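Two complexes are shown next, each including subunit A; its partner changes from subunit B in the first to subunit C in the second.
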Partner chain A sequence: MAPILTHTDKGIYCAAGDFWIDPWRPVPRALITHGHADHARPGMGAYLATHAALPVLRHRLGEIDAEGISYGETRRIGAASVSFHPAGHVPGSAQIRVEVAGEVWVVSGDYKVEPDGLSEPFEPVRCHHFITECTFGLPVFRWQPQATVMAQVNDWWRANASAGTVSMLGAYSLGKAQRLIANIDAAIGPILTHGAVEATNAVLRAQGYDLPDTIHWTSDAGKPPRDALVIAPPGALDGQWARAFGTRSTAFASGWMGVRGIRRRRAGDRGFVISDHADWPGLLSAIRDTGAENVYPTHGYTDIFARYLSSELGLNAQVWEAEYGGDDAEEVDAA
Partner chain B sequence: MTLSRRQQVANAWARYVQKPTLGFTPNQKLLNGIFHATSAHLRTVPGTRQSRATPGGIDTRVIEGAGQSPNLLIYLHGGGFSIGGPFTVRGMASRLGQAAGCTTWLPRYRLASAASYPAAPDDCFAVYRAALDTHAPDRIVLAGDSAGGCLVLNTLTRAADHGLPMPAAVGLIAPVVDLRPDNPARAAFPHGDGLLPARWLRRSIPMYLGGHDPADPGLSPIFADLSKAPPALVQVGDTELLRDDAERLVQHMPNARLDVWEGVPHVWHMNAGLVPEATRAVQDMGAFLRGHLPP
Partner chain C sequence: MKDFARLFSRIDETNKTTAKTAALADYFRTAPDDDKLWTVALFSGRRPKRAVTTTQLREWAAEVAGIPLWLFEEAYPVVGDLSETIALVLPRATSSSDHSLTHWITTLKRLQEVEIDARRAAILSAWDGLETTERFVFNKLLTGGFRMGVSQKLMTRALAQATGQEETDLAHRLMGDWTPETTTFHDLIEADDPAAAGSRPYPFYLAYALEGEPQDLGSPSDWQAEWKWDGIRGQLIVRDRQVHVWSRGEELVTDRYPEFAAAADWLPDGTVLDGEILAWNDGPLPFNALQKRIGRKSVSKKMLVEIPVVLAAYDLLEWQGADLREVPMADRRAQLGALIAPLPDDAPLRLPPLLPFDTWEALADTRATARDHAAEGVMLKSRAGTYQVGRRKGDWWKWKLDPLTIDAVMIYAQAGSGRRANLFTDFTFAVRDGDALVPFTKAYSGLTDAEFREITAWVRKNTLQRFGPVRQVTPHHVFEIAFEGIQASTRHKSGVALRFPRMARWRKDKPLAEANTLDDLNEMLRVYG
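Our next item is the complex of A and B:
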């Protein structure tokens, strides 16, 4: 019998239900784990995603034929039984469970196991086969608790505010930016946002996600308050929009800030190590909780990670080739 | 769409034979006769015995497997409150009972042609009360399709109102949960339903209401307090008229899980034993119910 999910040149394919998961080329039917650009691409005939992910999907992809599904709801597509479960990556993100004749596969999408106070918390799903991301699948990647990193951000912001320097923080516009906004100490000063961040804020607020007030800052808005924290996509940090703020301290928030070379190349004043992906212990605990004997690392340090899973944990691990992230510079910042 | 060949044939039969029959047969008694005649081939699962009983004074068909089970499934048939009976659902209900490991009761509640509301929920509640005399509540499960799903939920509401214990679990197949004629949700799939014509609902439901307010929580479960309801599995087709009823129900009912099947008509379970999709759906529902019953 052929495997329930197979690797095709368009993405992960399920023959029993005739659909693809996070495909990277146009297909008639796509099941989407979350709204990041390397997972939700344009041109699919029909989309199925969580109700929570749909507004962002529509915001990014425009007029699409898309249907929503609740977490935990099952959908019978042909001979496959499909359900979506929280992945804790960004608001609305999901792992996708596919069951055919009693055999269960789970596609993790991107995930992190630490609750971030905004995204629906990660839930392990028991399965026989687990296709897992491993963006940070090396033992060197171990995140500090979110509260610790947020305290670091608050201290940096507070010090800048008292010195009369604007704090400018680069963060991916879907997920990371909102996670920061939701968890920093909004009493320190006003939070100003770049248009890309604010547009996502508006979509999420309309869905009922609880975010503190932010001010959409445009270059013609005059002199910004000096105690402000500005949140913008990393690409906007050295452009004209950013220069209008005058003297400023610049920082990035990303899991990649844990890698010294990348931190230096970014040339910011600070790098906060905070990621929406699981770190090494998180990946291993997530894999263990699935109970899966067959694990397919994809998207990240796949070779090393697969070797570790086989030799150290005795799992049947094979690399699952995929085209996530490769052509999307912003994805690094999504980490 | 990856439906089995048999389901494709069943879909064609539903859309081109059953749907027009429901929509254009003006006389409900005649329609009920046609429904019974065309259910003749939907036999009970081999190896089961049938008998009659009158729990709570209600004529009931009893289906038992080879070994006597201490667990009980009360299955309430669908048919828009105006057609159908134990005979029309015996095939699927016997398979559901078998999958759930239960003896199955199929009560013949009064139809709208004989008596309007509250006759049907009265009869169903009487059967449930009688079941509680002979079975522990954690050994009873209720299930129903369409109007029968509505009656299952009505029974839960009445049991709660009377301070009676809840059954262990309920299974609902495309239940009717909002009897208001102007229920806007039904407009979502006006022609998508492969079996149910909206015009038939517009005709049969008022007959059942008999002038009662459909927003009464005793009638429309969506207005009832279902906070004490036991775990529920709700199965529905993706383009049927009652899809939205199902979606609203699981939002309203804690502990209810929605299971949406693509490309199948209203209560596709009827062909259990003949069509793979129907058999699978019944087996899944049975496994769900069995999972909430003691062995």
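Our next item is the complex of A and C:
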């Protein structure tokens, strides 16, 4: 009998239900874990995603034939039962559970196990087969608690504000940016945003996610307040838009900032180690909690991670080839 | 250690030299004397002896982290730094301590006197009491690879800011074979040092590369031409019977080139020469010979015999104690000739010839033979020009030969380390030999950041095989490799060694079949080697 989920040149495929999960080429029916561009691509015949993920999907992909599903709700597609479960990655993100004839597979999408105060917190799902991301699947990646890192961000902002230096923080415009905004000490000063971030803020606020006030800052807005924190996509921090802020301190927020070489290459003043992906202990605990004996690392240090899972943990682990991701810079910025 | 770790973070968080210097100067203003002394020692290449091997450190770190050693080894190239890899894999500290830098260095020195089990226990307990950055710094002390982006020069400048002393005077104080055990901060830095003033160099005058044609410079008779040597720019000072040698970047390197001590026998006090330090044995040796001398602070007898150095002196900046920099070049040169030409061969000084030429065309012909003279091209200097400060246009020009180039196929890729970790930046290139590809050089530089990102994404998708951190990739991309020289070499499989190879262009327009061949490479070796 063929496995319930198989690897195809279009993505993860379920023959029993004739659908794909996070496909990278147009297919008739796509189940989408979350709205990031490497998971939710244009051109699918029909989309299925959580109700919480749909507004962002529509915002990014325009007119699509899309349907929403609640977390935990089971839906029958062909011979498969599917349900979506919180992945804790970004608001609306999900792991997708697929059950056929009593055998359960889970596709993790991207996930983190630490609650971030904004995204629906990660829930482990028991399964027999687990396709897991492993962006940070090396033991050198160990995150500090969110509160510790946010205190560092607050200290940096406060010190800049009192020196009259604008604080500019580069963060991916869906997820990371809102997580930072939701957790920062908004009493320090005004929070200004780049258009790309503000657009996502608006979508999420309309859904009922609670974010403090932010000011969409355009280049014709005059002189920016010196005690401001500016949140923008990392790419915008090198450009014309950023230069208008005058004297400024530039920082990036990403899991990759934990590695000095990468932090230095990014050439900001600071790098805050805060990721929407699971760190090494997080990956291991998530895998353990699924109870799965068959684990398929995908996207990340797959070879090394699979070897560890088989040789040290005795799991049946095989790399799940995927065509995720863009260039290095994009990964550094997003993760 | 917290203060020192904070200093490290401040230095590490910025790419601006002024900010690094300011952070270090702040530290020199506030730290206790013995910590300051150790900081000066560390940043001038003096460090405690290694008490443990890096193999032991890897094994212990993996053990404490509860991971197999192979996994540690896989993570290392991703991080690109052993001390950092260890700091990152260890579990969070369970205790906290704040001992001084000097305390930790003293602890490390004591390790050498105890058994290996006690060393292990001491290091594990240290790891457990330090947070990540402190651990990283501690590991750097332990492994001795202490650089952190601070050169001796930058450290000296910070010390100058903190103490109000002249930078060159401090550079002189920091010379020699002192260690923190044999001196104090006061004796080393603050006590009177009458000899320091005598060592002061003049700022170097640096040439720009000639843009366009020499015809634009006017009449050939207004110019003198010399070979452009491929060595290290150096200034030799004889004052008060002492010899001082400064390299460009105003680093005092007297100790590295003991040959020049004898210069005092031949030159009177109040003499300052500008020239090129060259490895020389009856003639200039190739640059890779000199390279063996450059990094070394202590030089073996064997090396002094095999790779002796001389100063090819091309300018006279001070004579009989008088500053000659406002004197025209032609007159300085005449005085220099009168001083150096009569010296015997056992003096470590040479007077490089002026190249005769009546027309620019004639000089172009001479320049074309530069590689035969171990030179990179010619220098043009205005006969009426003064000796200026820093890099200035007008009176001095470098007229270098164009680099040699060859179109080669990329066959292996390796991630860089440090700032370039996680990007593929180190490549091996091959030439064609029938259907085979013969590797002949590596190259690391020349591409833009965007190109490095692009090729990194490509390498990930086109890996054929992995050998540890090295990936064999599909032979597809052709790069134009530029280099300054080619020599036969028994150390390289291809039989050639290139001087300063770099990626001049990514030839996306060229298919694999149009890359150069082994025959082309051998022909270059025949002509230019």
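Basically, the second predicted complex is superposed on the first by the 330 of 335 C-alpha atoms of A that agree within 3 Å, B and C clash if a C-alpha of one lies under 4 Å from a C-alpha of the other, contacts with A are read in each partner's own complex, and residues count from 1 in each chain.
Assume a residue touches a chain if its C-beta (ideal position, glycine included) is under 8 Å from a C-beta of that chain, and two chains touch if they have at least 3 such contacts.
Just so it is clear, the structure is predicted and the values come from calculations on it, not from any experiment.
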{"item": "Overlay on subunit A: subunit C relative to subunit B, clash or fit", "value": "fit"}
{"item": "Subunit B versus subunit C as contact partner of A:73, first or second or both or neither", "value": "first"}
{"item": "Broader residue contact with subunit A after superposition on the shared chain, subunit B or subunit C", "value": "C"}
{"item": "First, second, both or neither for A:138, with subunit B first and subunit C second", "value": "second"}
{"item": "Which of subunit B and subunit C A:301 touches, first, second, both or neither", "value": "second"}
{"item": "Contacts of A:46 with subunit B and subunit C, given as first, second, both or neither", "value": "neither"}
{"item": "Partner chain in contact with A:16 - subunit B first, subunit C second, else both or neither", "value": "first"}
{"item": "Gap in Å between nearest CA atoms once subunit C and subunit B share a frame through chain A", "value": "35"}
{"item": "Contact residues common to both interfaces of subunit A (with subunit B and with subunit C)", "value": "none"}
{"item": "Interfacial residue positions of subunit A with respect to subunit B in the complex", "value": "16-18, 69-70, 72-79"}
{"item": "Subunit C contact footprint on subunit A (complex, rising order)", "value": "138-142, 256, 258-262, 264-265, 267, 269-270, 301, 303-304, 307-308, 311-312, 326-329, 332"}
{"item": "Of all residues in subunit B, those that touch subunit A in their complex", "value": "1-3, 238, 250, 257-264, 277, 281"}
{"item": "Subunit C - residues contacting subunit A, complex", "value": "12-15, 65, 67-68, 70-72, 74-75, 78-81, 84-85, 88-89, 92, 136, 416-423, 453-454, 456-457, 466"}
